[in-house]
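Note that chain A is present in both complexes that follow, paired respectively with chain B and with chain C.
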Partner chain A sequence: MSVDVVLQVVVGGVLLGGLYALVAFGLSLIYGVVRILNFAHGTILAVVGVMASVMFASWQLSPVLIALILVPGVFVIGALFYRGLLRPLERRSPLEATIGTVLVTVGALLILSDVTAVLAGPMQRNILLRAPVIEVGDIIISITQLAILAAIVVLTLAIHVILKTTWFGLAVRAVTQEPVAAELCGARSLGIKTLTFGVGSATVAMAAVLYVLTFPVDPYMGFGLTVKAFTIIVVGGIGNLPGALIVGVLLGVAEGLVGLFWGPEWSPAISVVLLLLILVAFPAGFRWRRA
Partner chain B sequence: MTGTTTKRGQQWRAARVAVALAAVAWLASTPADAKLGSCTDPVVFGTTISETGLFSTLTGNWRKMTEIFADEINKAGGIKLSSCGDKGVPVKFVVYDDQSVPATAVQLYERMASVDQVDFFVGPDWSSIGGPVPPVAERHGIPIVMGNVATPSLYQRGYKWVWGTPAPAVPRWSERYFDMLAHVDPKPKTIMFLTHDNPVMKAITAVWSKKAAAQGIKVVGEEMFSADLKDFTALIAKVRAAKPDIVYISSFDNPSVPLVQQLRQFKVRAMDVHHAMLTGALKKQVGKDLEGMTGELTWFPSVKGPYADLYERVMDRTGITMFDSIWTLARLNSYLVMIQAIEKAGAVDREKVQKALYKGTFKSPAGDIVFDEHGFPDTGAFTIQMQNDKVEVVWPPDVATAKPIWPSPTWQ
Partner chain C sequence: MMLEVSHLAVDHGKLRALWDVSFSVGEGQRVGLVGANGAGKSTTLGAIAGLYPIAGGAIVYDGAPLDSRSPPDALSRGIVLVPEGRRLFGEMTVRENLRMGAYGARARAALNEGYDRVFTLFPVLRDKQAQPARELSGGQQQMVAIGRALMARPRLLLLDEPFIGVAPILVDDIMTALAAIADGGVTMILVDQNIRRALRFVERASVIHNGRTVLAGDSAALLADENFATTFMGLD
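Moving on to the complex of A and B:
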């Protein structure tokens, strides 16, 4: 196996892993603040990806414009979904609330997938931009891939800056760390949670537009992505964006290398295997920094 | 005295319970055949279609097509039965969506046998569903002619009531393509198989990799991929390293969409990229990336075999073409074969129909369907190539609509 072949796979893995990390950011934010495991999170990517592809195929809109239309829309729908369907469950006992949120989010997953399949068809779709490619030896990288990588880096930095420097970021971190104390200090829990659910959903919508620029989506692929995002936040740490980015990239590269050295049919399973191995070997999780 | 009465009473109650249980067991084990032998009731075919789920991309509009097929048969006089003085009996379908889920399909066939009391089963598709459904037909003694269930081993389980009309059948899937490879110039020397992890696709690769080797084409690689895989970088890196003359994609159309796109993106070179399921649905998804690729087509309207007019009318009224929905032929064949078997039997009688199906020969637009002793057919396919955004039949030459362009210029 030549070095070029391995490098090609690593480049592909970094791109895919970066997209996984973007998906995980949203899930991590939502779980950190709202304490709800949103099983429909990956399905948002699938549905928004299908919508973006349909918009591109129907009206030839630029992907940037598609993102500008879809991302705010998903923000609003995410916030309404939380306020309308998930928030009322918080009044119930902890057990009922937990079971209720699982049922609601899994139900949303199934409904979103089926409705999208009925309206847009169950086939795979993407936005194929015939961008030029750069060839370095036997390694091929398209300009689209480079643009996606750049967008992932910019988005990661933007989310990091928002969480570190804005009032919203401060409130999110406060609610994540100590919800009761945060509320006592003036952070309105309901507002923060609603905003966070919207931002988390918008993040995955952004990831969806980037995803369909290079990989196809279909209405039923969402749950697999949610599992990968779970793996990333469990290993990387809740609310830890740099950790999620590193783990996402490692997962993408691991999938690629497993495909190369073992067989592509094993690639989708690697996230679950990694998750199980890490849970067994490091039951307390990784410590990315000193307490 | 009282004790004896009580004991007798208990024995009597036990006897009544035993009789009731026996009656229930007898009723449960009796096939639901209320209408069998009738010359007035419609003949009811029970079937499932994968209208949702994984395989739904392959079954576009089949429910409507099934209704139109029944309408066309009934307009032509129905199923002719000698036991009814050659009177035509109408055909009627009970159709459910199996959601592409084998367990759901099994439940639905049980329901059709016991609740809907259909006369015969037709049509379930895909090897993953064609595996678990036949035992239902066996249990109830209902003849079943399955559609696109192409894995031969599924038929070799000693069944008495099971047949299938997959088109093409795995042992003849790429027969004409490999015949073409033996005649093209320059001749390919190497081939690599990329296989979707699915029973029928693995069976195709198993058969045709042996055939390639027997024909002197060296197999330089066999890679498998799951239906969920989106990033084919690793697999394509292996293809680029192996540099095969032929890349043979053995996959359903939908899971191979990113593969075809990324083969183009990574500038894979070959004499030909062959897709075992080159369909209109795939073309809609990948567009011009399909240009120059070869594949299989089970039948096209220029081949005027028996019932070709019927099939053309059904497809026209449904609004589908054979290329858009290549699995349509096998599906319609399953209906047609069952109708011919009933007519041969001369009565709506499951045992007589079973005898008519056993090692029977039946007409279809693509040629005769001849069942072996396991109920497996011998249907072949024509080789097609995408040329200037159109589907052309390129092999065999006697029915070809265009000559093969070789080596395929878009992969150079």
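Moving on to the complex of A and C:
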């Protein structure tokens, strides 16, 4: 097998991994603030990806316009989902609340996947843009891929800046670290949790539009993606943006290489194998943060 | 009276933590709540700060019932709690911790004034602004916790065990700073397990025992009271 083929796979893996990291970041943002594991998180990518490809196929809308329509929509739906279905469970006992949130989010996952499959069909779809390619040596990179890479970088930086400089970002970090102290400082937890659920969901929606430009989506791919996002969070650290990006890219590249050398059917297993290996090797986790 | 607590009762889940606590605080006063571990001092402060709902009795603040459903409600009326154990945002820098203290709408407008005020009171923090709060010593962390509360521009400051985990030489520094804050017109309620130390700082104190106020008086009178000394100082 030639080096070029391997490098070509690595390029695809970096893109895939960057998108995984965005998905994981939305999930960890929500978990940090709301303390709910949203099992339907990856399914948002699947559903939005299918919707984007249908919108592109039916009305030839530009991907940017599609994102401008879908991302705010998902923000609102995410916020309403939390307020309407998850928030009421917080009044229950801790055990009932935990089981309740698993039931609600897994239920949402199943319903979203099935409804999407009924309306749009269960097949794989994507958006194929005609774009010029750049050849670097024997590696071929399309302008679309470069644009996706740029978008991943810009979105990651934007999230970083929001978390570091805005009042909302400050409150998100405060609630994640010390929820009681954050309330004592005047941060109303209901508002911040609702906004965070919206923002975390919108982050996946943005990843979805980028994803479908180069990788295929189908209504039932969501759960596997959620598992990968969990892996990235556990390995990279909750709320740790650089950690998520590093682990995401490693995972994406590992999947590509495993697919190349052992066959694509082995790719999905790599995230679980990676997680298990790291849990065995570093049972207490490892900190990336600057000392 | 600025604050009147009468026959306050508070439940923690199915257990009653406070049975009957009554005391009052005048504008500009420093009042102490003393008593043994688990007597209900922190619960009393928590109820005033909006952390716990009231199960019985009443808290009247500025002549109107204080029915805070959450700490932000209390904060918007100028009541700020420095919680036991400090509860800093450990991964955030000292400056970010202080900024978070000014999260409320009123305080945001005066953010820079707030930093100046805190760094004047605790000059040592000025050089540590960019450090994560968890890297500071216990005493310095307590300064950040008090500073964070000051950023909210409190009228009534509730201090829950501000000297635990603080090196003895820093206790005096912190007490001096608290005195300066009080002289600036901030009313204070201090909870301290070390009764002698508390009575040195406050003008009046109430003793809480098993969730009830059992004794109250001027600091000097309490210190002179032999009965008080043998019954409660012995617990220390």
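Note that the second predicted complex is superposed on the first by the 288 of 291 C-alpha atoms of A that agree within 3 Å, B and C clash if a C-alpha of one lies under 4 Å from a C-alpha of the other, contacts with A are read in each partner's own complex, and residues count from 1 in each chain.
Rule of thumb we're sticking to: contacts are C-beta pairs under 8 Å (C-beta built on N, C-alpha and C of every residue); 3 or more make two chains touch, one makes a residue touch a chain.
In this text the structure is predicted, and so the values were computed from the model without any measurement.
Counted by residues of chain A touched, the larger count belongs to B, out of chain B and chain C.
By the document's definition of touching, neither partner reaches A:L103: not chain B, not chain C. Look at A:L184: by the touch rule set out above, it reaches chain C but stays clear of chain B. When the shared chain is aligned, no partner comes close enough to touch A:V76: not chain B, not chain C. When the two structures are aligned on the shared chain, A:R173 is found in touch with chain C, with no touch to chain B. Common to the chain B and chain C interfaces on chain A is no residue. The part of chain C that touches chain A in the complex is made up of residues 49, 51, 70-72, 75-76, 80-81, 83, 87-92, 96, 99-101, 103-104, 107-108, 148, 152.
By the touch criterion stated above, chain B contacts chain A in their complex at residues 52-54, 56-57, 197, 223-226, 228-235, 237-238, 240-241, 254, 257-258, 261, 265-267, 281, 284-285, 287. Residues of chain A touching chain C in their complex: 167, 170-171, 173-174, 177-178, 180-189, 289.
Against chain B, the residues of chain A that register as touching in their complex are 1-2, 5, 8-9, 11-13, 16, 114, 117, 121-126, 128, 133, 138, 140, 142, 215-216, 218, 220-221, 224, 252, 255-260, 263-265, 267-268.
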